Amino acid sequence: MLKVTDLQAGYGGSVVLHSLSLQVGEGESVVVLGPNGHGKTTLLRAISGLIRPTSGVVEFDGQVISNQRASDVVAAGLIHIPQGDLPFPELTVMENLLMGAYRPEAWRERKRKLEQVFELFPVLAERPNQLARSLSGGERRMLALGRGLMSKAKLLMIDEPSLGLAPFLIEDVYQTIRNIRKTGLSILLVDENADHIEGLADRVYLLESGTLVKEGSVEVMLQDEALLAAYLG
Amino acid sequence: MEKLFQAIYGGILYGSIYGLMAIGLTLVWGALRMLNLAHGSLYVVGGYVAWTALNEWALPALPSFALGVIAAALVGLLIQVLLINRLLGRPSFFNAAMIATVGAAIVIESAMLLIYGPRVKQMAPVIPGHFKTLGVVIQYQGLVIIVAAAISLVLLSLFLRKSRYGLAIQAVSQQMDAARLMGIPTVLTFTIVMAISAGLAGLAGVLLSSVFYLAPTAGFNPMVKALVVTIFGGLGSVKGTIWAAYVIGLLEAFLQVYFGAGWALPGLFLFMMIMLIIRPTGLFGMGEVQRL
Amino acid sequence: MIQDTTVTESRFNSISKRLDWAAGPWARTNWVALGIAIVVALALPLVLAGFATGRFILHLMILFFTWGIVTQSWNLILGVGGIFSFAQVALFAIGGLASGVVSQQLGVSPFLSIWLAPIAATIAALVIGLPSLRLRGPYVVLLTLAFAELLRNFATQGPAWIAGGGYGLRYVPKLGFEEMWGTGMGRVAYYYVGLLLFMIATYVIWRIFHSPVGMSFRALRDSETYAISRGVDPFRFKLLLFALSAFFTGLAGGYLVHYNGAQSPAILNFPLTINLLAMVVLGGWGTFWGPILGTALLTVLPEVFRAVDVYRNLAMGLTLALIAVFAPQGLFPLIADGVRKLLQLFRKQQEE
């Protein structure tokens, strides 16, 4: 479904990603692990169109999307949920979710999508008219995820979902992602450590200094603890 | 006692105009993070086009006003597309945009001067005449202005809060990257915001030109006062701006009535300077006050 | 984050290499060209003083010196500091007011009172600068705009000894050269004084431009966070820039008020500010020679095109907008490039 070949991207004069290739099949859930500063976020941004890759090809659902604008990539069904705290602070939960369905195709089905999202995220269903900035950290993270689901997403790219969250909230977030996976959506998750990815990943890649150095199934990766320790400390 | 009512009426009248002018500025700031210094000249465009439609093409009032508003919106759109959109992404965006809009303002004002000449013009009011109540002289046109402004502001608020495009504008103002990732076309949104802002400025020009005068540089003063309002209400906050508009309008009216016209402007500026020093974010401001 | 600093460092390196080039050739050929320019500048007035048109040219040169100091000072805060202040003309006016009022009302000799001008302007700058320079872009714009408008109001409607009933300062004692030595030589004397002030200001600003802090500020004009991480305190440096800029601007104001013998509040209207901004932008804001070039062009051209006032404004507006968008580095780098290429061509032909 998503095929990245020899991707190279960076900011200004410097190159962050070097000939990076990966694939995510339909219905697959793939995790990319890597330490901070090695290009996890850049990878997602280059795929979703927030930054332009300097070379390489990104194909999604049969189309080449390498140089398209972010809004066109969204239209194709590739949804990027960025790291950090990005719900619209002055809009309500409901309004945030509705914005997730901005594209015309999604907008038409927004009522149905809202029901789906509220089912997956009961926390949001309880307070649809609350301003996003008054939500707790965990609730905001749920909102960001729910917002991503409001579109007609075929593949969801999630950037470090647990970043900055209090420890007792983290498992909730990952459980929610597992639930999302059960709905059949393809997922590409980038994360800093492998603590919570059980039950979440069909395959794992290891990212180091802007390129993917290893690939394997979860079991193989987790068994090689030495490997993980070396890369992720 | 009469003075009090005079001040209140004046305040609401000024507030209506400042609201129309200031909302545009604050919307543009929110979405684009720039100050549009051509705003005053857009006011003038609205006034002059409406005047031409009314007096030279002999169109009735309402279509003339509409033409004025549309013309202003179009000019604003041109400025956005020709100048501002090319500056997007540059690190010097803020300063460059300021210079570009100053240039645009001068071009527009010079063009108006060339076309219409330096003599001041006045437009016939929609409803001529005045009446007196509670010791205050109220022009019918004044009431027209107050009502028209109020309706426009309400419509705008509804648009921003309830419609898909309005919410999208708010989204872009609050978190641009997240908005892009939802498929919201940011450049198009910027252009729409500028057009709306310009249209509102044009509306202010159309409405006010029958109470005050119309001249190529007539928009400068309202623009500067609108800037005061946006700062007071908080750059980027629509709600704050509306409140601030009426507060500042009342402040100015009171200064005028009780201390004389000469004190109104300096009083306002002094007030703004103090505000900027004590509380730059204003009433409901939207961040960006990073202190070094 | 490792990512961020690597990125910004390499961006800085690539920009700084370009700046080195910009400073380079001029640092090398400077002394010869400069020497010639100085000799010409010193000798010129003696030639021109003899005839009426010559004296008019001297008058233009005096204006050039005055506005040249102001535009360079404005460029210092705008181009180096990245601060968009609208207070430049207000500070100029404060300088003129300070010296003019003191010499007029207290009978102090203008040669003494003129030193009050830069001091008054600097104090005013510190008063505005302290609160506003900690804040970001739009707030500085509006605060300085408010200050300028307030001053304009005060200068028009204030007490008689300042506002002169709306006409401004009049009958300010001049430096007296024309009374002593006649119109021709008197103006020459004013010219030399102006030249001296201009050279001092230009030199100081040149030093700041090419100081390490100045250059890093120019490269990172829009990346304050990086400057902070490098240990440079942007606020204090900005305050220093602002104060220096005001110092010279005020001095220019004092100079002009004693040349004209008057200062009208009309200078505080927007057109002059726009004019000066155009000089800075046209020449190239952020470059060193840009404002000088822009001032030269816009001081001379308006005299040539005096008749078509409105078109001049239109052209000025177009210039501002188009340069800001399409050629933000201004005319000077374009001309410098052109000259450099010509020289290269010339040298190649010599070799063949």
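By written order: A, B and C. Residues from 1 in each chain.
The rule we apply is simple: a residue touches a chain if its C-beta (ideal position, glycine included) is under 8 Å from a C-beta of that chain, and two chains touch if they have at least 3 such contacts.
On a predicted model such as this, the values are computed, not experimentally measured, just so you know.
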item	value
Taking each chain's C-alpha mean as its centre, the one farthest from chain C	A
Chain occupying the most central position, where position means C-alpha average	B
Chain centre separation in whole Å, for chain C relative to chain B (CA means)	33
Separation of mean Cα positions, chain C and chain A [Å, integer]	52
Separation of mean Cα positions, chain B and chain A [Å, integer]	41
Contacting residues of chain B [partner chain A, same complex]	164, 167-168, 170-171, 174-175, 177-186, 286
Residue ranges of chain C touching chain B (in the complex, touch as defined)	78, 82, 84, 131-139, 141-143, 145-147, 149-150, 153-154, 157, 221-224, 228, 234-235, 270, 274, 277, 281, 310-311, 313-314, 316-326, 328
Complex contacts: residues of chain B adjacent to chain C	29, 35, 82-83, 86-87, 90-92, 94-111, 113-114, 220, 224, 227-228, 231, 235, 262, 265-266, 269-270, 272-273, 276-277, 280, 288-292
Chain A residues touching chain B - in the complex, by the definition given at the top	48-50, 69-71, 74-75, 79-82, 86-91, 95, 98-100, 102-103, 107, 147, 151
